[in-house]
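There are structures below to look over.
Note that chain A is present in both complexes that follow, paired respectively with chain B and with chain C.
Up next, the complex of A and B:
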């Protein structure tokens, strides 16, 4: 089943590429608006050889990992706090209600005022976009743990921490993983938009700044090359990393269908 | 599988539809859309707008004005044929020309002092910048960025030396950031922001455009697309006439000019007068300094070629001075 799904995905991508190429070669649109696949590939190879695209990508990924890490720790801490008492739980829920709907980009002007335009600000925005969806999923996951599991745990005398580690976390893992998927996608978006606004943060600027530079120097093919890199990384993480984690955990434990 | 094929067919039909729908119709002969940016460097356009000089010059012409936040947006709008005439500095024009945009300079608009201001007392030349400094300017490839790069080439032999300190901000935001003493420690800008910043004691001018260029240069030029110039010759002529009239009106009717500008920019008459009297402020249809920009930009790979002749980058009758 999985295999056929994947092949279908590739077929669709292939078809979309062909449609793209037909449009580009139709001669009805300027290559400055709609570059052909060859031009994009050339721009990509050039940018990779020249080194900037890769170093900017690594720079961006490093920031994302940092933000994801901090965000995940905060989410865990808050999720645990929320289970300690009713009033703490309502505090955490209030925080989520207030903060979750705020897009990171809307916070930008305030973050610039508070933290300036350095690396810390970008990490802050990523943490913001990672924390809330992750926390929400974690709490939902904890709640979705069948009561009989925790009853059994308590019966055999597990304390709160062990209960959390052995029962709540594994039982909420499907939620955690989908939370991470959302968090990852949100982090990317937040990162790219912040980098486009901030400029050469940390002496480099990352992929967002790279795209912005291609725009102001009118290198449309180069702009698409960077977008392709973002998509490739997305596919890699989604199809390889998350897939692996799911196979090793929730599928092996028989917690999900596929 | 059958369903998949059906979907492909639908996509193909859609795509063909888009392709035919996209084909550009000949622009309505009776329209002109002009895009400008913010600031007193665009003053003749406010005169043209207020006195309806373009409408008077060609009664059949429907005139649309658009104000845009940055040059890249104007360039993209002109590429999409939404704008016929756009006003911008010489370097962004050259970048578009180099990438194959079909446009040429229709005339100069203004010269203006531009300069790099720093609020750190330790910084008196660009050599004094450190890794922790941040230089705000409109965007890479803007005239401010190219002037900074030129200064870097002279000073360090490397035009990209300070690129890692850049942050893009429109002029008003850049000024706020500099005055609020955030992490932005320098700002490359033009009046009224430049003069405003220099009024504060902490700030000092560490580099001026004229110093970098070794002389006067045109700050803003008017650029017209080939399709507008070729397909609406009447409209193009009317536009050039109105532009010249606006500039000469500013020279001959100073009092009215100050009044119009004061209303258009919502600043006091005194401020307008002060600006118009500023050393280096000039409104003229001649174009100056293009070769210097082109040579530098070619030498440092911002563009891949320099114009071989004036005809490649200017429509007929543009008065050009090297």
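Up next, the complex of A and C:
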């Protein structure tokens, strides 16, 4: 089943690429704003050989990993805090209600005022985009833990903290993984927009800055090359990394459908 | 062993208060099996959870080996009706070993493993040590849960309709497994069920156990229990 789904996906991607190529070569659109696949590929190869696309990508990925890491730690801490008492739980929920609907990009002007336009600001915005969905999923996962698991845990003599670590966290793994998927997607969005606004810091501005810069040079193919890189990374993380994690954990343990 | 004195428990639902248990007193001695028999919703599970220390009574006292029951302890293990009482992220063997580790039984992993295997063998689960719970049938899951409980060598097993969701044949074989394990370990058992026949197969406390199902004695006892239940 999974395999057929994947093949279907590839066939659709192939069809879309052909449609793209037909449009580009039809002569009805200017190659200046709608480059052909060949031009995009050439721009990509050129940018990779030249080294800039790769180094900007690595710069972006490093920032995103840092943001995800800090966001995840904060989410765990807040989720644990919310379990400690009724009032603390209410505090954490209030924080989520206030902060979750706020798009990271809306914070940009304030962050520039507070932290300047350096790397720290981008990390801050990623942490903001990652923290709330992750926290929300963690708390939901804790709540959804079947009562019988915690009863068993209490019965064999686990204290509250160990119960959380040994029972609630593994039991909410399906929620945790989907939380990370949402967080990852949000982090990318926030990162690219922030990089576009902040521009280069010491010659490096990440993929967002790279796309922005290519527009200034009217290098449309180069812009698409960077978009393709973003998509490829997205697919790699979604279909390979998350897939692998799911196969090794929740699917192996029968904690999810499929 | 375990002694209940004038135990009362009520639940509030909105403004109304429901008295679920009123003035319950009884005791179970070491090595005895007691069946709590009654229709659904009559408070059997509530009583069992009180005995396990999962909830506290409104009034009255519950004491185990002379000391008051105030929280769950590994000395009295509750076995649930739900098939998902095993931790899905651990294999059958790990599910049995983990509570031993938590309670510092044995120094080495090797010893704990041998101990766990002994109990899995006792409930006839050889060959499934490395399966994950979702790969097991309902009956096998309940066997594993029983092995996990027995391996801790508790003084008392509290069983909350553990075979309630099984088909008749599987239930019968699990009843046999339970009685055999009880023979070997000498653990006290409080067994909740709504099934008169099951109560008669397992209990040795309420009345003498009539072994042969067809006998007139058996039918008499069945009738008697049935009338008591229906009057309620």
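Just so it is clear, the second predicted complex is superposed on the first by the 256 of 258 C-alpha atoms of A that agree within 3 Å, B and C clash if a C-alpha of one lies under 4 Å from a C-alpha of the other, contacts with A are read in each partner's own complex, and residues count from 1 in each chain.
One rule holds for everything that comes next: contacts are C-beta pairs under 8 Å (C-beta built on N, C-alpha and C of every residue); 3 or more make two chains touch, one makes a residue touch a chain.
Predicted model, so just to flag it, every value in this text is computed and none were measured.
S.K.: Any idea whether chain B or chain C touches more of chain A?
M.R.: Between chain B and chain C, B touches the greater number of residues in chain A.
S.K.: I'd like to know which partner A:102 touches here: chain B for first, chain C for second, both or neither.
M.R.: Neither partner.
S.K.: With the two complexes superposed on chain A, say which partner A:218 touches: chain B (first), chain C (second), both, or neither.
M.R.: So A:218 only meets chain B here.
S.K.: Check whether A:157 is in contact with chain B, with chain C, with both or with neither, and answer first, second, both or neither.
M.R.: A:157 sits against chain C, while chain B stays out of touch.
S.K.: Would you check which partner chain A:30 touches, where first means chain B only, second means chain C only, and both and neither mean what they say?
M.R.: After superposition on chain A, A:30 lies in contact with chain B alone.
S.K.: On the A-aligned overlay, A:49 touches which partner chain: chain B = first, chain C = second, or both, or neither?
M.R.: neither
S.K.: With both complexes superposed on chain A, which partner does A:204 reach: first (chain B), second (chain C), both or neither?
M.R.: In the superposition, A:204 touches chain B alone.
S.K.: Give one of first, second, both or neither to describe whether A:58 is in contact with chain B, with chain C, with both, or with none.
M.R.: neither
S.K.: Where on chain A do chain B and chain C both make contact?
M.R.: Of chain A, no residue contacts chain B in one complex and chain C in the other.
S.K.: Could you pull out which chain B residues touch chain A in their complex?
M.R.: It comes out as residues 4, 8, 11-12, 15, 18-19, 22-23, 71-72, 75, 79-80, 92, 95-96, 99-101, 131, 134, 139-142, 163-168, 177, 182-184, 302.
S.K.: Over in the complex, which chain C residues touch chain A? Could you list them?
M.R.: 52, 54, 71-74, 77-78, 80, 82, 84-85, 87-89, 98-99, 102-103, 132-135, 152
S.K.: Provide the residue numbers of chain A that touch chain C in the complex, in ascending order.
M.R.: 146, 148-149, 151-152, 154-158, 162, 167, 170, 173, 249, 252-255
S.K.: Please name which positions on chain A make contact with chain B in the complex.
M.R.: 8, 11, 15, 19, 22-23, 26, 28-33, 112-113, 116-118, 197-200, 203-204, 212-213, 215-219
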